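You will see chain A twice below: alongside chain B first, and alongside chain C after that.
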Partner chain A sequence: MSTLHIVNKSPFETINLNSCLNHVKEGDSILLIEDAVLGALAQNKLADNISEKLGEISIFALLADLSARGIGRDRLISGIKTTDYAGFVELVANNERTQSWL
Partner chain B sequence: MKFGVLVNEGPYTHQAANSAYHFTKAALENGHEVERVFFYHDGVNVGTRLSVPPQDERNLQKDWTALAKKHNIDLVICIAAAQRRGLLDENEAKRQGKDANNIAEGFRISGLGQLIEMGIKSDRLVIFGD
Partner chain C sequence: MSDEVKKFLYVNRKAPYGSIYALESLEVVLIGAAFEQEVSLAFLDDGVFQLTKGQDTKEIGVKNFSPTYRALGDYDVTKLYVEEESLKERGLGIDDLQYLTYEDEDDDYKEKPSIKVVSRKEMADIMAEQDIILSF
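Right after this comes the complex of A and B.
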């Protein structure tokens, strides 16, 4: 039973992404949307924590929200994947449930 | 697969209403079904036909109305949240003694039971909010 965790807040604004990273189980996925895509930036304060988790979970960042904030793929933590809205839909379908970290 | 979508934010407070629209559109375009979209809290503000944003700016109400028309999806506005924010359909305007209504085409006003039912009938429930 895998869960898709959807995070939409910047890690510089709230601790949602940090809390989420501490709650995920092996096989889960995290999707970063809206301001949370800032959490995908290499060398941000959660980068080490994120890199550590990448072995057991998948982390995605929404392309449209990265582009809207001027963040290219080359600036992301290595191992974080990008996805479009169609991929977002498939992530929801492929996990048994979703949890929005609002 | 059948999705339920919950929208908790209005068009000018947070990106959530925008994200919800693009997610719902992508789901429908990729062969999935959308059981219902439920607008709750400030999300009900998406459903007014009286907002007039500049012509070169995105108009979420029109986008949702067009999507509902094209794919025949059910857009439901929470009645209690709508009453507080001045969002009325013809029946509600009459019932509350108001002189006008402002609900946009493609939207309907109903209760929280519709949210629960959407949760039960959908394979997945996706929440967009602040």
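Right after this comes the complex of A and C.
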């Protein structure tokens, strides 16, 4: 009964990721793509809020978008996983619905 | 096509007129209404501004589409959920919104309000019970 939430905007520019975090349910997943991967950086201003949620939900960042922005896996908030495009497809297939936070 | 009725939720998170999202959403809702699915609309974040009353767009040269929300009831779109926290954060209340109604055919066509103010938690529950979510 879980939802895959997809966020694609920087959390330093829009409230999309914040609003998403406020509406996720236990067992849901969030996938950060495009500029939203900036939100995965350790010690950013949303990091505490994100870490708190990681107990009940899974958060993924798209590797291609991290790499494009020069962000290594070692720079991410502990507990955030990375995924490639094939993993993206699997996430969509393994959740009952997807919700984009445009 | 399958005859199965699905639960559709249209999620509106942007103010009208600054971008085309709000108008596009309304148009898709009206088109989608012809397919007789179970439709709900969610208004949160800046999306709550779509429903304010007294919109006047004369001076910005675009069509004021806010009266169109009043037609939704005739298309059997009768569930408009507005997030309470989003209203409050913007200094708004239910009285700042249009009073939208529908005629309940199961209750002697009594006129009933379409807008329901819900908490953030209730909004999350509503999202989690949908088959299809369309975001605008």
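Here is the rule we go by: the second predicted complex is superposed on the first by the 102 of 102 C-alpha atoms of A that agree within 3 Å, B and C clash if a C-alpha of one lies under 4 Å from a C-alpha of the other, contacts with A are read in each partner's own complex, and residues count from 1 in each chain.
Here is the rule we use: contacts are C-beta pairs under 8 Å (C-beta built on N, C-alpha and C of every residue); 3 or more make two chains touch, one makes a residue touch a chain.
These numbers come from a predicted model, not from an experiment.
Asker: Check whether A:67 is in contact with chain B, with chain C, with both or with neither, and answer first, second, both or neither.
Answerer: Neither partner.
Asker: Can A:8 be said to touch chain B (first), chain C (second), both, or neither?
Answerer: A:8 contacts chain B only, not chain C.
Asker: Is A:93 contacted by the first partner chain B, the second partner chain C, both or neither?
Answerer: Only chain B is touched by A:93; chain C is not.
Asker: Answer with first, second, both or neither: which of chain B and chain C does A:102 touch in the superposed model?
Answerer: Both partners, chain B and chain C.
Asker: Hey, is it chain B or chain C that touches more of chain A?
Answerer: B
Asker: Determine, under the contact definition given at the top, whether A:34 touches first (chain B), second (chain C), both, or neither.
Answerer: So A:34 only meets chain B here.
Asker: Quick check on the superposed pair: does A:85 touch chain B, chain C, both, or neither? Answer first, second, both or neither.
Answerer: first
Asker: I'd like to check the shared interface: which positions of chain A are touched by both chain B and chain C across the two complexes?
Answerer: The overlap between the chain B and chain C interfaces on chain A comprises residues 97-98, 100, 102.
Asker: Using the touch definition from the top, list the residues of chain B that touch chain A in their complex.
Answerer: 1, 3, 8, 15-16, 19, 22-23, 25-27, 29-30, 32, 123-130
Asker: Can you name the residues of chain C that touch chain A in the complex?
Answerer: These residues of chain C touch chain A: 11, 13-14, 21, 44-45, 120, 123-125, 127-128, 130-133, 135-136.
Asker: Which residues, counting only chain A, touch chain B once they are in their complex?
Answerer: Spelled out, the residues of chain A in touch with chain B are 6, 8, 33-35, 64-65, 84-86, 88-90, 92-93, 97-98, 100, 102.
Asker: Could you list, by residue number, the parts of chain A that touch chain C in their complex?
Answerer: 1, 3, 15-16, 19, 22-25, 97-102
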